[in-house]
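Each of the next two complexes has subunit A plus one other chain: subunit B in the first, subunit C in the second.
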Partner chain A sequence: MRRSAPIATALLVVLVLLLLLPFGGGDYYVYLLALVFINVILSASLRPSLTCGQLNIGHSAFMCIGAYTSALLAKNLAVPFEISLLGGAVLAAGVGLAIGYPSLRLRGVYFAMVTVAFVEATRLVAQIWVPLTRGNAGLSGVPKPRILGMTLATRTSQYYLALCLMLVVLLILYKLEYSRLGLVWKSIGMADNLAQSLGVNIANYKLLAFTLGCFFAGVAGAFYAHFIRFLFPPEFGFLLATNILVYNFVGGRGHFAGPIVGAVFLSLLSEPFRGSPYETIFYSIVMLLTILFLPGGLITLPGKLVGLRRRRTVTAPSPSSAV
Partner chain B sequence: MTAALLVQSTVIGLSIGSIYILMALGLTLMFGMMHIINFAHGAIYMLGAFVIYYVFFQWGAPYFAAFVLAMLLLGAFGYLVERSIYRPIKGGIEPTLVALLALTTLLQAAGYPVFGTLDKHVPPVFSGTRNVLGVMISVERLMIIPIAGVLVVGLYLFINKTRMGAAMRAIEQDKEAAALQGVNVNVINGLAFAVGFALAAAAGALMAPIFKLDPMMGEQPLLKAFIIIILGGLGSIPGAILGGLILGLIDSIVATALGAELAFLLSFVFIILLLLFRPTGLFGHAP
Partner chain C sequence: MPILETRDLTKHFGGLAAVSHVGLTVGEGEIVGLIGPNGAGKTTCFNLLSGFLRPTAGTIVFGGEDITGLRPHQVAARGLVRTFQLTTLFHEMTALENVLLGLHLHARAGLRQVLFSRRIFPPDEVARSSEILAFTGLAAVADQLARNLPHGHQRVLGIAMALAARPRLLLLDEPVTGMNLEESGRVMALVKTIRDRGTTILLVEHNMKAVMGTCERIVVLNFGQKLAEGTPAAVSTSAAVIEAYLGAGLEHA
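Here is the complex of A and B:
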């Protein structure tokens, strides 16, 4: 508990820096950071369902649904951004509910295979349904986000929108994780039989975790659609889904901060190779090294370093400590 | 559909089915013993095809030498993967699956700078056509069936007639009990990785002269192999063989009737429905 004051201060400093960034940095950093915020939403929204022990390798499918729904609503029906964003998220959650409900009985490997098949099926639908999605030609000309009748035309204003969305999503997920609900999720992930024997309706709680994740992935997708303004089906495939999973595992699954740290760290470090095969090579190597040498993820690194130093001082006491 | 088209679809279906069976056998063997799904299987299939591209086409070695080399090289790689990835994780299923996913994306992405971004083609190995029940079928496709057949029979004999095969079956039944009886579980798991990878490499090597080669070419057969092992029941080898034959036939007839892309989409819908409503497969027992 006594450590919470410095952490709160550090978070406040980070927040102030993020708020000031558009004044100091150029358009490039504003654009880059907004993409990082999208990745943070995706990564953090996968966490509840991972906590329940469901290996979801199809999270990008729900981002895809949110992105296309919101883009098409805004482009074809001139729906304002607030509504189209909500529409994308609700449809993503609805599809999540439909696919999640029957797959609750499935565990581990079986569930993972359903999600892999689902992400590829979604991508193919976006590719084949040409009259609606324009298929592999890509959906272009998605309108810029318009909030309360005001078009957010500049990158800076869109950046603040992304920051707000991310903060709201993180706040909701944080509150849930440290509520009774979060405890139930954790108990299901640790021992679902035991949780069930204690009267927890594990099916409902798992479904809630999964659907909630789909909803926020839809939010991320909807913002992405109006920010990049061009949608291309192959971008939402298996590879993006794997990346979202990688953020969680590289960051660390033991703490709420894990997926955030993982998404920020990997998105920023891989920036020089964004869009090239080297980005994937970099992600994959970091993932393999993390699983093999730092199974708890990056968030356990400070603790390990402190432990290492402490052990060294115990085994070889320096003259100063003897005084 | 005319009789000729039906015969043609059946023969093509059998040859495609043979490829799927080779893919599915390794997956189901590894699942039975270690309860993991090897997502890297499609990437190994791709590497097997590229060994043929370089050794047979570019360097001019005989096709069968290149074929055996592909199996040996990737079999050794499989043992290495068990040693350096599966074993250190010590049986944690989720981290293992994620590590195998990372290995898959690594091999696929590395394929672009290493092999180049243009599609590659391997010239035909067997030329000419043969008359099958009044329909002309290319020998290239026909030859897949006996070669895959030999490998399947070989695997069957290996698992059922050798001591190492007995050790594999023992691990599948009960890992702890097998270890207590003196089975070296680590080495036998490594062997299962080697056998699975070698079979995937063989599937890729057989397909190399027929399809174009690119780093993502393994995705489709991998997902097809998923369907087969679920259909046949995870861990069941006879189930994988029967499932492969059924899927090959359905696949070839549906693709002829509806077009390849829609057939692919339907196969995913089929996996999802199958997993949701009959996760133990057609012949599988309770998980």
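Here is the complex of A and C:
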């Protein structure tokens, strides 16, 4: 209780700041933060699968499916945003289920290869299926999000929508992680043979983690489509998928906050390089530095700093060391 | 009727017959030891029985039901639960959480419980797990991470988790390996108590003192085949068994 109070206070402060941002910051920051929220959803939704020990390097494929589905539903059939978003997420989850069912029996690198192949296949479909997606010309004119009959025309209103979506997704994922389900996922990641011997149907649990992740990636994609209003297949390629993975590793895999911290940190820091070749170089360098100096990710940094300070106080005898 | 019966159980790895034509019978309430020199096929046998490997040929009947080819979680659900060699545990979880996961088969968690309950585990499951920890002598370390436990405790924790799954037949893979005399004595006493509470036991172990002192019947494997079977006294004086362990005398070579 005593330990969680400062954390709860800090979270509340962050939330208030995020709620107030549109009043203080300019349109640019509102736009930027909304993109960060999308990245947070993508990053956090990859976590259940990683927890089970499945390396998924194709998460952006499901974002792509969610984005195109929602965009096409809204554009061609004038479906309201709340329905098209759900449609995109459900289709992403459905495809995830179909891909996951046969391939989740594969372990480690073999499963990772299937996801890599799938993300490229999805991108190619989006490029080639011109009558539907307009291919590399890009799908433009995606309607702005329209909720309960109201069109969210301003960047600020869309920002609040993104914030709400992120909070809901994070809340659900948080509850799942700290439930029996989350513990079973963790147990599969630690020792899948032991979990099996205790009666856990590991194939089903892995499939559930993977499909849930795909669902929320679909949610992120659907919002992205109506926010940017222009979809371009190469954006959903292998590169974005690896970035989502890098968020998880750089943020840290040991705690729920890891992928969130990683996504926020990297999205903000890489902003000057967005869309340029330097972005990839930046991500690689950060990934390498993390592996070398912070193998537990950014979330282990505060603990390490405290440890460092303690060691200093011990070596240098000062009046404060007696306390 | 025996609780476990295998007929012609065979497993080939490529050209190697790791287990061939093994007929194994375990009666309800017995403590049976499975011994043999290294590479005799004991662990392969365990993997076959618990569903981690599919037999090349032969059948496994457990509790009157043919369980050949079932997957590990299905085998466990029928009450045939195994432990692992070495210390296979959920190392980053506490001892209590490890046992709580052992309750998996008998726990019901609906979506409502997952999303809206503040507790991960209902109180009755925590109570049941604490009871198992107390029974196995681990109550004092319930809140410690499994990886921080001493070796002896880790091995016993493996047994405690298996008990949580409510086995009718417990397969113990080298339960006292790496333990000192006092520790192994305590674990073998625990094994007897578990049996007295109604769980049949089949164990693989290299510690002959422990095996001879605890098991009522012993099956000896060598080169994947059943070499001998009988009481500890009969097996330990059998010429074939001595030959398998110590090698044949020069005059036989």
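Following the convention adopted for this analysis, the second predicted complex is superposed on the first by the 317 of 323 C-alpha atoms of A that agree within 3 Å, B and C clash if a C-alpha of one lies under 4 Å from a C-alpha of the other, contacts with A are read in each partner's own complex, and residues count from 1 in each chain.
One rule holds for everything that comes next: a residue touches a chain if its C-beta (ideal position, glycine included) is under 8 Å from a C-beta of that chain, and two chains touch if they have at least 3 such contacts.
On a predicted model such as this, the values are computed, not experimentally measured, just so you know.
**Q** Between subunit B (first) and subunit C (second), which does A:Ala67 come into contact with in this model arrangement: first, second, both, or neither?
**A** After superposition on chain A, A:Ala67 lies in contact with neither partner.
**Q** Between subunit B (first) and subunit C (second), which does A:Leu208 come into contact with in this model arrangement: first, second, both, or neither?
**A** Once the two structures are laid over each other on A, A:Leu208 reaches no partner at all.
**Q** Touching A:Val30 in the superposition: subunit B (first), subunit C (second), both, neither?
**A** The answer is neither, since A:Val30 touches no partner chain.
**Q** Tell me the contact category for A:Leu85 with respect to subunit B and subunit C: first, second, both or neither.
**A** neither
**Q** By the touch definition at the top of the document, which applies to A:Leu240: first (subunit B), second (subunit C), both, or neither?
**A** neither
**Q** Among the partners subunit B and subunit C, which is in contact with a greater number of residues of subunit A?
**A** Result: the larger residue contact count on subunit A belongs to B.
**Q** Which subunit A residues qualify as touching subunit B in the complex?
**A** 53, 55, 57, 99, 102-103, 105-110, 112-114, 116-118, 120-121, 124-125, 127-128, 238-239, 242, 245-246, 249, 277-281, 283-285, 287-288, 291-292, 295
**Q** What residues on subunit C touch subunit A, complex-wise?
**A** 50, 52, 71-73, 76-77, 81-84, 88-93, 97, 100-102, 104-105, 107, 109, 113-117, 120-121, 161-162, 164-165
**Q** Inside the complex, what are the residues of subunit B that reach subunit A?
**A** 31, 35-37, 39, 84-85, 88-89, 92-95, 97-99, 101-103, 105-106, 108-113, 219, 223, 226, 230, 234, 261-262, 264-265, 268-269, 271-272, 275-277, 279, 287
**Q** Using the touch definition up top, name the residues of subunit A that touch subunit C in the complex.
**A** Touch residues, subunit A against subunit C: 172, 175-176, 178-181, 183-184, 186-187, 190-191, 193-202.
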